[in-house]
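Common to both upcoming complexes is subunit A, partnered first by subunit B, then by subunit C.
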Partner chain A sequence: MNQTLPSRREFLCAVAGCAAAASTAGCSDLTHTSWFQSRFREMSDAEKKDVVAGLEKANKERFGKDVTVGIEPPMEGVEFGYALDISRCIGCRRCVYACVEENNQSREPQVQWIRVLEMDKEKGIDFAHADAYYDAEKVPRDGHFYLPVQCQQCENPPCVKSCPVGATWREKDGIVVIDYDWCIGCRCCMSACPYGARHFNYAEPQIPAEQLNPKTHYLGNRPRGKGVVEKCTFCIQRVRKGRYPACVEVCPVGARKFGNLLDPDSEVRAVLENKRVYVLKSELNTRPRFFYFYGL
Partner chain B sequence: MATLRYFSQFAAGSVRIVLRGNVWYWLWVSALLVLIGIGGAYYVRQLQLGLITTNMRDQVSWAFYIGNFTFLVGVAAAAVLLVIPAYVYNWKPIKEVVILGELLAIASIVMCGLFVTVDIGHPERFWHLIPGLGLLNLPRSLLAWDVIVLNGYLVLNVVIVTYMLFSLYRGRQPNKKVFLPLVLFSIPAAIAIHTVTAFLYNGLPARPFWNQSILAPRFIASALCSGPAVLLILMQLLRRFTRFEIDDRAIWKVAELMAYTMFLNLFLLGAEVFKDVYSNTEHLVFMRYMFFGIGEHTAIVPYMWSSVACSIAAFLLFLIPKTRRNPVTLNIGCVLIWIGVYLEKGMGLVIPGMTPDTLGEIYEYFPSRSELWIAAGIFSVGFLVFTLMVKVATPIMLGEFRAPGAAEATHGERVAMAH
Partner chain C sequence: MLLAFAACDLSTHEESFPGVPAPLGLEPGEKIEVPPPPFSEGQFPCTNCHDPEIPVNRTRRPMEVAHTEIVLHHDEEHRWCLDCHSAENRDKLHLAGGELIDFTESYRLCGQCHGDKYRDWRAGVHGRRSGEWNGHKTYLLCVNCHYSHAPKFQPLKPMPPPVRPSALAKGVLE
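Then we have the complex of A and B:
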């Protein structure tokens, strides 16, 4: 695959009328998201290095501070799983905002990867009567329980299937990722997702420089531009370095559990072993790696 | 080489023809150009600010643009209704207008392409779709399939029309061995573009309103109503404003066929309504939103009832032989069915499919001013393309525009040559 890439880039460079630049420095140095940049999945190591350097430079110019863009690959023998204890969640939405800060979502217009739904205890899990915009003095409110929804990292992801250009795929560690520089913004994946997990940048994302999280991953929380789709990646920039996702860390009631499904001693395996779990919309055969359970 | 020389003369002659016209022609063309200019300006703004200039949001992430795209795929597919009787049954009077159907198909596909282009966030990344350069996700992605079939259909129709018109221009009889297989192939191709477009929605179990196997048949049925309605009106306009002769019998035949397709369209709608209403599962919510609204969210309700009323009224007008042969009631019927299908595909298919969204939220969508102007601009491009093509095709078919040296055709020869 790597053999064919330089020729493709050269061809596109020629099309763009920058053959001279291509022969010396490589196209991707020109802007942080070059028009002729190839798909991350098919880039050679040299090309990745090149592109990352370009991104870091562009972000330095845009935000006035050093931003690292990691390209850590999946770890061997790791497949991530998530478990959320519905009986503990109090609906405080701290996870929502921790996620926004960690993953550099747009503050204006607001983009949020986690949506906390308030549901009636009498109705059970019933999306038709759920309310994502509850405005409460104090949570939890009487008669209600809370169901946070984010990307379910499906084993059989309908979004990946629908993408016409292969800009989104499932990595070896089970994380469904998006190449923001390859996405054409057609939003097929958003129509295909049964969980409302995917979000589109309708406008240029606004993030105050002082709020920008400078530790990023290419396939995760690096700053995006307008016109592309984004979503939860289990905080790929953290979990591939052995850390917990931000939402797990911030949860004040310990409702969120995370770990390696292949490790028999992991917390998430303990949940699967000892609690009865539930996945959303199991009838759609998406096989989420995000489990809900009643811990109490 | 001779062919090449003829072709350059043909192209130059065509340009001369479109640059010649009376006051009405230039008024029409200027009006279209003005609308294209306004739409273009709104599109430039959309490119600068992003799709925030539309009223689409995460909850309703496909809407008016994609609805128009879907409607126009139907119009493009409808050329087939004229091709079938003309070539399969070898029914003479209709053949003269098949070429119009194909020109309409070309203009529609051009509009389809534009509607998709304005809908995507990064149109400049179009090359990601080109196999070899980019990556066309076949066979898994339905949009990838749609790219293939729509472009294929466009090329097919351009080839057929160019070949037929160029042959006539040279005073030659088109070679049946060349064009007949192409024309016959355009029948399944027309079905394919509509089926694949339907599957684009149909294959999404996340959206129960679309994930019903009746969807593709309904697409075909409604296309076979709206497409010919446009053609019937165009045929009458051409007859009025050019020397182009179109037999009344051709118009009546198309109208009769439309009575069948309109019945089928209503029947399939009825079947879907029955299944949803009688089952009364939670999935009824989409149809409830469409026809009755949910709470204060009733923006599309009047459009949906208008759509149903127009479709039923048009069906009755086309069903009764007397009214479908009367030019006034025929044209009223054409306009009604066109409105009926346009509202149903433009608003009634896409928006209720996403309202409420997958997590039950209701975001009430209605197109923004920018979306409406951009759509008007795209329709104007389509009308302009169609106008220019008809402007060239008509004198060729009338034998007035001929290669130097090619014999001026008589009416009899003309009909013979066209087939």
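Then we have the complex of A and C:
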């Protein structure tokens, strides 16, 4: 009864006939190919170390420079929240491009995790008449306001429920993450997300090596391949080290606020307690951790 | 970022107004860590030009000899230089009550009229902060973003719009 079963990896190794090869090359060489590795959240520490080493080696080959892949776990007593002041946002899109650079999004074909919607003041928040493709000499334009949309890090995330392989889940600190090595590219999560926050790599992502951000996290901005879904992670590689997300730091009008919802002295708590706060599509009961407020 | 902590050689709030609570959560004499004020080059200290020996002309007038580049767009119907700048000590600002403050404390001056913004700024809700969400945070002075003589935030050129999906698909399918 107490006989231990071989792990999925050991079993696959044996079935695939790599047992013989394992005696010479070792099975660990194959782990980063993602065929034999477990889900990140099920990995032992040893396996994580193995996988990270494999990834760093692969990225060195792909980009010709050292890339670190962090595996920092959630901090105790921390649940992240985000607040965006729509009375301040001027629609300059600095956040969009700071995010692309920080999070190693594909430059060609273009992938952008933040989408800034231009809306008519007369119509209010109205997605049917919003325009993400506005171009202007100067913003803000008269009669318009701007609503940036990115992953809302829902407490009740429909994308997670829709994933048939468990490749995406919500971490203890509230960040919804994706294991790119488990994503099968079915895009169910994309159709489940009511905010259009998930993006698919239809082609091999192109990032010039000199523009690659080498400080990465396994569940965040490590370089992805073709055929996987990706999205905002609140800059998991930064926030789990105490830093602010890149979009918060770059915003020239200070419209973006970030912090720990469990800390009564945090900026987000001050917003939630003192401002008029709005969440997108509250009727869907997704319970976003991304709040919009009116700061004026 | 360089942090300026100019020593305050003048009276603190507590000395000037004994028994009156300090404004908005600041302890008597407490200062907030801020970057240096964005002086134009060669402007500060003001006493380089404003010799304390020369009597002050307190008549409200347009600037014709110096500071001609300053066009006030900040409640200009009711305000002028000496409402904020001290005539007693040209290197200082003064509050409505007469207390002299350093330029590095200008948030207290702005906060006299913009109390709601000042409160939000203290809580980290108004304005951009840098540092760490769970650790040391630094503030910007009001004047680091809002030019004090014309504080309305100036419009910016937006970064390029995203590529439309039709164009994206074209690139992929070719």
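The criterion applied here is as follows: the second predicted complex is superposed on the first by the 281 of 296 C-alpha atoms of A that agree within 3 Å, B and C clash if a C-alpha of one lies under 4 Å from a C-alpha of the other, contacts with A are read in each partner's own complex, and residues count from 1 in each chain.
By definition in this document, contacts are C-beta pairs under 8 Å (C-beta built on N, C-alpha and C of every residue); 3 or more make two chains touch, one makes a residue touch a chain.
Bear in mind that the values here come from a model prediction, so they are computed numbers and not experimental data.
**Student:** In the superposed arrangement, does A:Ala128 touch subunit B (first), subunit C (second), both or neither?
**Tutor:** first
**Student:** Could you look at A:Ile178 and tell me whether it touches subunit B, subunit C, both or neither (first, second, both, neither)?
**Tutor:** neither
**Student:** After the superposition on A, what does A:Cys251 contact: first (subunit B), second (subunit C), both or neither?
**Tutor:** A:Cys251 sits against subunit C, while subunit B stays out of touch.
**Student:** Name the contact category of A:Pro109: first (subunit B only), second (subunit C only), both, or neither.
**Tutor:** both
**Student:** Give one of first, second, both or neither to describe whether A:Val67 is in contact with subunit B, with subunit C, with both, or with none.
**Tutor:** Neither subunit B nor subunit C is touched by A:Val67.
**Student:** In the superposed arrangement, does A:Val96 touch subunit B (first), subunit C (second), both or neither?
**Tutor:** In the superposition, A:Val96 touches subunit C alone.
**Student:** Would you check which partner chain A:Asn201 touches, where first means subunit B only, second means subunit C only, and both and neither mean what they say?
**Tutor:** The first partner, subunit B, only.
**Student:** Name the contact category of A:Val239: first (subunit B only), second (subunit C only), both, or neither.
**Tutor:** A:Val239: touches subunit C, not subunit B.
**Student:** By the touch definition at the top of the document, which applies to A:Leu84: first (subunit B), second (subunit C), both, or neither?
**Tutor:** A:Leu84 sits against neither subunit B nor subunit C.
**Student:** Which subunit A residues are contacted by subunit C in one complex and by subunit B in the other?
**Tutor:** Residues common to the subunit A contacts of subunit C and of subunit B are 109, 115, 132, 202-203, listed in rising order.
**Student:** Show me the residue ranges of subunit A that touch subunit C in the complex, using the header's touch definition.
**Tutor:** 75, 78, 85, 90-94, 96-97, 108-110, 112, 115, 132-140, 202-203, 239, 242-244, 249, 251-254, 257-260, 263, 266-267, 270-271, 274-275, 295
**Student:** Under the touch definition given earlier, write down the residues of subunit C that touch subunit A in their complex.
**Tutor:** 120, 123-135, 145, 153, 155-164, 168-169, 171-172
**Student:** Quick check: in the complex, which residue numbers of subunit B touch subunit A?
**Tutor:** 49-52, 54, 56-59, 61-62, 116, 119-129, 132-137, 140-144, 147, 200-201, 203-207, 282, 285, 354, 356-361
**Student:** Under the touch definition given earlier, write down the residues of subunit A that touch subunit B in their complex.
**Tutor:** 8, 11-12, 35, 39, 109, 115, 117, 126-130, 132, 149, 158, 161-167, 182-188, 190-196, 198-204, 226-229, 284
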